[in-house]
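One structure coming up, written as structure tokens, with questions to follow.
When the chains are written out, they are named A, B and C in that same order, and each has its own residue count from 1.
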Amino acid sequence: MRGIILASGLIFLPVTAHAQNVTMATEASFPPFSQTEADGSYTGLEIDLGNAVCQHLGWNCTWVQQDFDGAIAALLAGQFDIIFSSMSITDERAEVADFSIPYYSTPTAFFGASDASFSPPSELNGRTIGIYGGSTQQEYAEENYSDVTLRQYENIDQMGADLQAGRIDAMFVEQIAGLNWSISDDTTGYGQIGEIVSVAEFGGKGAGAMFRQGEDNLREAVNGALRALYADGTFDEISARWLPEGASVRADDLWTN
Amino acid sequence: MMDIETFLRYLPNLLNGAWETAILTSFTLVFGLAIAIPVAICRLSRSWPLNAFGLAFVFFFRGAPLLVLLFLIYFGLADVPLIRETWAWTFFRDAYFCAIIALSLNSAGYLCEVIAGAVRAVPRGEVEAATVAGLAPIDVARLVIIPNAVRLGLRNYGNEIIFVIKGTSIASLVTIVELTRAANNIYFRTFDPFTPLIAAGVIYFVVIWTISRGIRALERNLTPQLRTQN
Amino acid sequence: MDLSLFAFGDTGWGDELAFGFLVTIAMAVSSYAIGTVFGLALSLLESRHGRVVSNLASGFGVLFRSVPELLVLFLVFYGATLALSGLLGLVGIESSIRIGPFAAGVVALSMVHAAYASEVFKGAMIAVPPGYLEASKALGMSPWLTFSKIKLPLALRYAFPGLTNLWMVMIKNTPLVSAIGVSDLIRQASRAGENTREYLAFFLAALAVYLVLSGVSLFAQEKGQARLFRHVSDQRA
């Protein structure tokens, strides 16, 4: 009997933290950070960055798709090792899991019809706003905007479709992702509206990779890799591939040490 | 497994969700019945085009998964200019409307068979006796067929109510915060899956158990001859 | 409708949808097989054993018939890995077994299916004419022999219509697994719709697939029923 238990322990060993096989979660529908191509593969800034981290560390990484709203829960439940999916660093989240140093940061903005008759955030009363379920935007909007109806979405394409269909008046998302959505041919007449909510106003910690508590080896390794990729120009090279010219999402000004 | 503090703190959210579930269920039961009765009449009719329509309706709405029906109505119809650019859009832009329509059509697919089956099960002799006794067709329907059919179909109708309640949980996938979504949201906030999801499960269970008990009591009440059994 | 949307290869979504279809079928078949066996076991536990076991078995059935499938899916997907590592932790094993979305989907759908299948089996056991059982007893057959050679084969026949109905229910429940991230037909169709903004085309295609599946199942049900009951039906009266 003991033999069987030991043997089954061995079978499952390769997925523990110390191994070279690492599973990373991506939402795969938040361009330009992550998206799914017609051939089923995942691409985007975060996918390239994540792959560069793995290559730097000599890890054998596998991506799994995970909707944003359940991502932290699924991480805690052991469904994968790292969330690499535009996860903003907050104190509340840091209580249940550990973050890497931030690897990108972008303000949050409103997107709607360019000829919208209202200017958020000051004229939001009675409006319906789309947000990601479980996002920092949801939390921020719940705390700061009263008399607003919030609708939760699992990805920006569904949110955008509902914006164009008139089911919501605006979406409240990370600026770069919103801009990326609004530059497509299908979205003429839609763009950024009102005022930006700056990174500082938002808590100002950027987005980081997320780990279960106690997996310090993984976290330290990723931190080291991120610093190296920032230093040797790989990060800028990757962002140039995915961002509009001149835009930057560098987060090294947020690093405390 | 259950954390009492989390449970009490978020109980209002769960109750709000349960209230939304109740609203979705009530509308669906009304609309479902309103759609099912004419279709059931088609199914019972001797005219073949009507009968074929009834059959096609049943095949389509029983064969289509509820979730697919909902996504088709919510996301798919938004692409159709005839809907998007006309008065119809005032209805279809609303997530509740879409969910209730999908649920009602799905429910009607089953319900019309429940109704048709119950009418078919009314003993022929009783109908013939009433006709021979000189009752007008409308009175035969009103006094003989309908009361009998209600009694005979009650149990199946009760089951259908339960399927509707369970079915409303899919409305959570088109931005409606009903009971299942409310529980999930609490989970995403607290990272404790067991407390909110089990609590929601208990609420569903209690409601459904009560309804099935109630239906059974009603059935006994309406069917005195059953009371002597057992 | 632009048919190139459904092309196979790197430009169209045909191959992704086909993959999703296979996942849907795999999900339905494995959940159905596991759930049916489990359902039969439940019905036997409910009818043959002591009160505690019997009540537990019937409680399981009542519970899983009263809770939405979606909620069961979420509970299994989010909770099962935690619960499992907690349980193994109690006996001192540190586990890192993951119950992925597909496995969680199979567990959840098969439990729900088992809850309904046990009702079908219970009804089917009752439907076996008592005369057969009395006859085999009179012939001196052991209880096990009576069960395995007479009661079960007949009960399976009577269970056939109910079980095939449940197969169609299973097909219609599989799209729910897309909510926990399984790349089934519906999830693939949604993804294609999001990328191309052609929701209508992809959901209509998915709907057509489900209607065909359900039509084929109905046809098979009628054929199967006619075949299975060719010696039974007239003896039942």
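By definition in this document, a contact is a pair of C-beta atoms (placed from the backbone, for glycine too) under 8 Å apart; a residue touches a chain by one contact, two chains touch by 3 or more.
It should be emphasised that the depicted structure is a prediction, and the values quoted were computed from it without experimental measurement.
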| item | value |
| --- | --- |
| Dominant interface by contact count, named by its two chains | B-C |
| Maximum centroid distance from chain C, chain identifier (CA atoms) | A |
| Distance from chain C to chain A - Cα centre to Cα centre, in angstrom | 36 |
| Geometric centre distance via CA averages, chain B-chain A, whole Å | 39 |
| Chain B and chain C: spacing of chain centres that average the CA atoms, whole Å | 22 |
| Residue list for chain A, restricted to those that touch at least two other chains | 70, 73, 76-77, 158, 161 |
| Multi-partner residues of chain C (each touching 2 or more other chains) | 78-79, 82, 197, 199 |
| Sites on chain B at which at least two other chains make contact | 75, 78, 184, 187, 193 |
| Touching residues on chain C, where the partner in the complex is chain A | 9-13, 15-16, 19, 77-82, 85, 93-98, 100-101, 180-181, 183, 191-192, 194-195, 197, 199 |
| Sites on chain B touched by chain A in the complex | 75, 78, 84, 89, 93-95, 175, 177, 181, 184-185, 187-189, 191, 193 |
| In the complex, chain B residues that touch chain C | 59-60, 62-69, 71-72, 75-80, 162, 165-170, 172-173, 180, 183-184, 187, 193-194, 197-198, 200-201, 204-205, 208-209 |
| Residues on chain A engaged by chain C in the complex (per definition of touch) | 5, 9, 12-13, 15-16, 29, 35-40, 65-67, 70, 73-74, 76-80, 155, 157-158, 161, 186 |
| In the complex with chain B, residue positions of chain A that touch it | 69-70, 72-73, 76-77, 96, 133-134, 151-153, 158, 161-162, 165-167 |
